[in-house]
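Same chain, two partners: chain A is paired with chain B first, then with chain C.
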Partner chain A sequence: MDALWDLLRHVHDAYGVNLVHFYDGFERGRLLRGIWTTVKLAAVCIAFSILIGIVGAWLQTSRQRILKAAVKVYIQFFRNTPPLVQMYFFYFALGPQMPRVVNDFGVPQPMFGSFEWAVLSLSFFAGAFNVEIFRSGVEAVQKATVEAADSLGLSRWQIYRYVVLPLAVRICLPALNNNLVNLAKTTTQAYAIAVPETLFVASQIWSDRINVLEMMVTLLTFYLLLVGVFVWAMTRLERRLRVPGFGQ
Partner chain B sequence: MKRLFATLLACMAGAVISAGPALADQMAIIKKKGVLVVGVKTDYPPWGTRDASGAIVGMEPEMAADVAKRLGVKLELLPVVSSNRMQFLQQGQIDLMIATMSDTPERRKVVGIVDPVYYASGVAILANKKANIKSAADLKGKPVCALQGAFYNNDLQSKYTGQDLVAFKGVTEAQQALIDGRCVGFVYDDVVLVWQKAQESKWGDFEVVQLNEWAPVPWGLAVKIEELNGPWGKFMADVTADWLKSGTLLALEKKWVGSNTPWLVDATAKAKK
Partner chain C sequence: MTTGSVPAPRLTPRWFATAALLCCAALAAGEAGAQLQAAGSRPGVLATLWKWTPLVLFGPPREFGGFALNIAVSFLAMAIGTLAGLVLGLGLVSTLAPVRRLSWLVTQFFRNSPWLVLLFFVMLLTPFQLRIAGVAIPLPGWLKATVGLSLPIMANVAEIVRGAVNSIPTGQWESAESLAFSRLQTLWRIILPQCVKRMIPPWMNWYAILTMATPLISIVGVNDAMTLTQDALAAEQRSELLIPMYTLLLFFFFVYCYPIARWTIQLERRYAVRN
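And now, the complex of A and B:
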């Protein structure tokens, strides 16, 4: 490995291509931590947003008017405001109102940090879209299928869990993938509230080391790879879940 | 096209001629004109700003006024910004520049930066008193707010905090995060922090701690480079030395900034020796 770093150092000296974020131990360390933070943030947000989507779509089928209205308000709020504004709102407006805990250095700190607020805001943002995506799947399930399940004596939750949802997921998977890919990319906005994710770290490095061009190429390549791997996994899932003859 | 080219050529020739060595001594010219034109900032309170009536006020305009008084001429202040201040001086639109300019070797090749330098800004932390920060060494393992892209960020993280900084795009966000308790302190230019602490009551529970790990960068006032060793440059060198020795700068800083920076206290003490 050291030989590779030496080679990159040589490339910098000889050709002026500054890949300091690979060969310098400190810069490499913080870039890797940034990448890990991005992956963690994306994974947690994807999981939460799917959960929100499933529960939200189920509540939309509820007979209770208040529940339905609550879901509608939630969707309108999160779908009609930009994610960056939400993040600022959560971090700077809502954050300081939270109960404070005195940390080790004697400073009373609000309960949630920037990472937690990023998770909350991004999950609810993507979740609002996911509710609508799951609804599109739920509504596409044949009424006769639901009636058949009903006549077998399944409860409303059982019908949703065992009959409607498995079919709905298959129908809405392409749309869901789109939204989740978008979510993975929107994690870069956590940069604004100082979550040390990839873009945040990269901007620190390029302003310290003045290697803007090299950092931009590295960043773009990283996101291309990250989203590429995710899309590949989701396509495989789509293929595995395929029911022969269904939806044709 | 040809005519445009000819005009450009003529302009360039004119620039070359006018950029030649000063034919007359600037000091005599100023006295003959009866007006001293000084380039100052209007976007950097409290060093150079505009008051409610639109007049240019601040620590540096007041220094300029003192120069005019010593020469027995009228003062004219001309607003400059960082990107044009050296050109204004080169083109002779101003006789003197006092515009928060950091003293660098590159700039010394372009304009005549007068020694001694009159001011400097270093790095300090506006720290929560409860965190009990005394130096950069105390920042180990603690969340520290900063401005994205500041020159000391790398050192601060790699040598002292050992963890990612809580860095924001703007000063306002970083200071809000500090007030909200997201970090133990905000690292920034010391002179600005000292001034803000004195200005704004919300910083009652915070203190400005100088971080001597970073050497202060001096600010220099400047004359045309050809004048630096002439009577005008020498006069300004004497004036600056006198400002330091007599404590004029300390008094002006106290008046405009609210309190004194260690660099100026130190420079004054050295000048008195």
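And now, the complex of A and C:
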């Protein structure tokens, strides 16, 4: 490894290609922590947004008119407003209204930091799309299957949990993947509320070390790799979970 | 496809009413708080919102900015992205393998990069002015931001074009060939005219996505509605204004984007391939 860093240092000195974020231990540490934050942010948001999608789709099958309407308003609101403004709304408008808690040093601090607000706003944003996606999956499940489950004496929740949802997820997986990839890319917006994720850290490094072009190329490569690995994994999952008897 | 009168987009007034009601509730809450706090000296929340609305919508006097700039940027970026995307999309269905592969690479690159990163890329790595034959042409920030936003649109429009061209039955190509049309003629006179209808709904969907991405340009320092809202809040220094001001901004975008979304769904249904 050290030989590689030396080589990169030599490249900087000899050719002016400044890859300081690789060979300098401090910058490398910053960048790696940023990447870790991005991965964590994406993973937590994906988990929460899927949860919101499942619960939302369940509520939409409910007989309660008000619940259905509430889910509909939620979907339309979050789908038709800019995610960045949503994030600002959560962080700057709702943030100050939250109660303050005393931390370990005895200093009062906001209940949620910028990371938590980013998780909340991005999960609600992607969750609105997930509700629609899961609903389309639920609707695609054959009626006869549901009736069969009903005749076996399963409750409404049991039918949803054990029969409808497993099939629905497999049907709507391609659409879900698309939305989750989009969510992973949207995590860069957390830059705006100073979550130390990859883009934020990268911008700090290129301001400190004046290596905008090199840092930018690294940044783009990282995101393409991240999205590439994610798409690859999800495509494999899609193939594993394919419902037999549909398509070619 | 049956020809019928175009149904007017159903805007379902119920949702507008709900949205308006929510806004009013937020405003009323803010108003009540303001009445309690203010010793009669400061104007109420509604009055303050009204005062800043022209700024947020149209920017500072004698300057172009605000929500109008967001819309202008979205139009321009969509126009650039669509033109470039058409060319790239035709590259994706080219018979020349190198052209096809290169177009595929460009498409994948711009589809899979985050918008904000592309925006930074264009903002920071293009010069602030161009010098052509001794004439300096300034490149203002909003123009660069527009180009930055049009890049992902270009890649996605290219994918739409490819999808639409591939959805035309092979028989159409074959019959055109048997009528001695050249490949270019076939594309231009037979295939693409049939693609337009299929491309419109996804294209409109991307327009809505683009419009909702325009506040990103506030991060790179353009005077759009987002920036001006924050400026107004900074000028007022009143915490009870935070929720109403941001709600107002969300409301502007909602009022613009929601009808587009409804209309897109309508067109999708109308143009759906029946089988």
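In this section, the second predicted complex is superposed on the first by the 238 of 248 C-alpha atoms of A that agree within 3 Å, B and C clash if a C-alpha of one lies under 4 Å from a C-alpha of the other, contacts with A are read in each partner's own complex, and residues count from 1 in each chain.
The criterion applied here is as follows: a residue touches a chain if its C-beta (ideal position, glycine included) is under 8 Å from a C-beta of that chain, and two chains touch if they have at least 3 such contacts.
For clarity, every value in this text was computed on a predicted model and none was experimentally measured.
For the composite obtained by overlaying on chain A, chain B and chain C can both be accommodated side by side without a clash. For chain A, the partner touching the most residues, choosing from chain B and chain C, is C.
In the superposed model, A:Pro174 lies in contact with neither chain B nor chain C.
Once the two complexes are laid over each other on the shared chain, residue contacts for A:Ala192 go to chain B and to chain C alike. In the superposition on chain A, contact of A:Ser114 is made with chain B only, not with chain C.
Of the two partner chains, chain B and chain C are each touched by A:Pro96.
Of the two partner chains placed by superposition, only chain B is touched by A:Ser207; chain C is not. After superposing the two complexes on chain A, the closest approach between C-alpha atoms of chain B and chain C comes to 6 Å. According to the touch criterion, the shared surface of chain A, contacted by chain B in one complex and chain C in the other, consists of residues 92, 96, 192, 203. Interface of chain A with chain C (complex): residues 69, 72-73, 76-77, 79-86, 88-89, 92-94, 96-97, 181, 185-189, 191-192, 199, 203, 206, 212-213, 216, 219-220, 223-224, 227-228, 231. Chain C makes touch with chain A in their complex at residues 15, 18-19, 22, 109, 112-117, 120-121, 124-125, 208, 211-216, 218-219, 226, 230, 233, 239, 242-243, 245-247, 249-250, 253-254, 257-258, 261.
Against chain B, in their complex, chain A makes its touches with residues 26, 30, 33, 92, 95-96, 100, 105-110, 113-114, 192, 194, 196, 200-201, 203-204, 207-208.
By the touch rule above, chain B contacts chain A in their complex via residues 128, 130-132, 142, 148-149, 153-154, 157-158, 164-169, 173, 176-177, 179-182, 184.
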